[in-house]
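Naming follows writing order (A, B, C, D, E and F), and every chain is counted from residue 1.
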């Protein structure tokens, strides 16, 4: 069985806890603001997660991509919609996005396998 | 009166014509693919334009931002929605996005002025 | 006389006011957090401004560079120190930083001219 | 024995197949265009692969670097020429390119070991 | 008549002189190294200039692009070859490269006009 | 026990030796210049290492971050100061810096564990 999703979430949680245990107000407020950004507003939370995903893809951050793939999936984004988000990232960001797209698809597959 | 919108569109059209007049198949096909990317699909064209805008903002390309601000506005994106897109770009991309956000807002204002 | 500094600050202030007049809480809080980041702490404000400058240079954002050059100068950073910050940016970020360094030096010169 | 080259190519092929099995026309056409870009034209395919390598290095994408190192080597690029490509990437992109250069050299070494 | 080429070269020379007049050894040595990078070696100077151009395009630095377009042209790169370099930059770097390609073509046109 | 620090330094040294064994003058001079950049000058070496760290963070290069975290620590940077450097990187570079900050904190923890 794939441990990709589990390991990603474990490490992310462990290190976030470690960071937030440190007494730096700017860092704490940034983490807080980051959470608030994706909340329901004039745009649905689902759309905002898609915005977060495409932004993470063109900036080529695998961990950010994994996080938003997971959140998008939880918000009901379908595989067909995922590929349309990927296609925008690919055309805007170019072929250097492809390796990140490979890992995004692998993570998406892992998410589906674990659900079964 | 602001010439921001007019000048942007004129220059863009002039140079795109100049580029496409050259006989390079890869370039022509890329331009064609770029257009197709934002067409109605599993995701509405309006959502795709929003994806294109946030991607352009975090990659900090003023011309791409202007283009997608214009397309988003044509697709009915409201000012409140624009600012939520900007907020995602700001939090994902950081304070280096701010100067581009200033110019995005200036362009959005110019678009509205010309419509009157 | 150079209008570089004046025009930069005017435009920056005008558009920041325009942005903050809009009712988006994430954007407002981000601007607030941005200001707090550079306040005196374990590190002196002067050091933090230098950190902000080198970060802006390697990310190649002219407006951010101008802002931090101005703040660094107000905090007493000398020309010799500025060039050492530039040298770190140049070696870390490569020759693509050079055009931004040209404009940084031009802005620094303009700041000194206006002070006379 | 090093499995670096083998593992890279296996994973790349597996995930590309997975991606292309999905029915997204923009993604498929992009992959196709990507292949066509490096074909013999006014510039030899060998030169185009070198262009692809230097572009991948300054954008710091390890997988893209590995792919183009492999293609360049197949096209007869010598170690001396590789290092001149690396030197352009290093000077244009700065010291942040160095870790990617380390991995590029490691991959190049692995390619040579497997050939024996 | 276009002043694009003239103004670019004037400003570049003026500010480089200003930078090199400052007594910072790292900066001076970097400028020196930058010049040496593009000299004839295992690869012809012409090929190295093409590498410098494609690297500048995917990193989206207009001044660096202009400089290398000029050097490439002096080294005999033809318009057909220029467009193949542009096509690699476009496919690797994505549609965000397009605005820089527009300005590259405009500069190339200006170079040809001045030569007449 | 964590091998993070040991493995990082081993690999770095091995590949740097391999690179410098190759006869490319530009590469050698760049490595030399890189070392000189962080030497005591108008700014203390400690400040320059902090500049190198924040630059590496906003450019999101894990290996560069690790190297400068190590050098900063050797120069006496405290955990409180580290978090203020991280906070500047976070606000300038955005939430995409967070995964790199996680790994920076993990590496800093590993450095402290080995010292015991």
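Criterion: contacts are C-beta pairs under 8 Å (C-beta built on N, C-alpha and C of every residue); 3 or more make two chains touch, one makes a residue touch a chain.
Remember, it's a predicted structure, so these values are computed and weren't measured experimentally.
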State the smallest step count from chain E to chain F, taking one step as a move to a touching chain.
1
Can you compute the centre-to-centre distance for chain C and chain E, using the mean CA position of each chain? Integer Å is fine.
26
Approximately how many whole Å separate the CA-defined centres of chain A and chain B?
23
Two or more other chains are touched by the chain E residues 26, 30, 33-34, 37, 56, 58-59, 64, 80, 83-84, 87, 90-93, 95-96
Quick one: label the inter-chain contact graph as line, ring, star, complete or other.
complete
What part of chain A is in contact with chain E in the complex they form?
58, 90-97
Can you check the complex and tell me which residues of chain B touch chain E?
11-12, 15-16, 18-19, 22, 24, 26-27, 30-31, 34, 56, 59, 61-64
Partner chain E, residues of chain C touching it in the complex
60, 79-80, 83-84, 86-87, 90-91, 95-96, 98-99, 101-103, 105-106, 109
Provide the residue numbers of chain C that touch chain A in the complex, in ascending order.
25-26, 29-30, 33, 36-37
Contact set on chain E toward chain D in their complex
33-34, 37-38, 41-43, 47-48, 50-52, 54-59, 64, 78, 80-81, 83-85, 87-89, 91-93
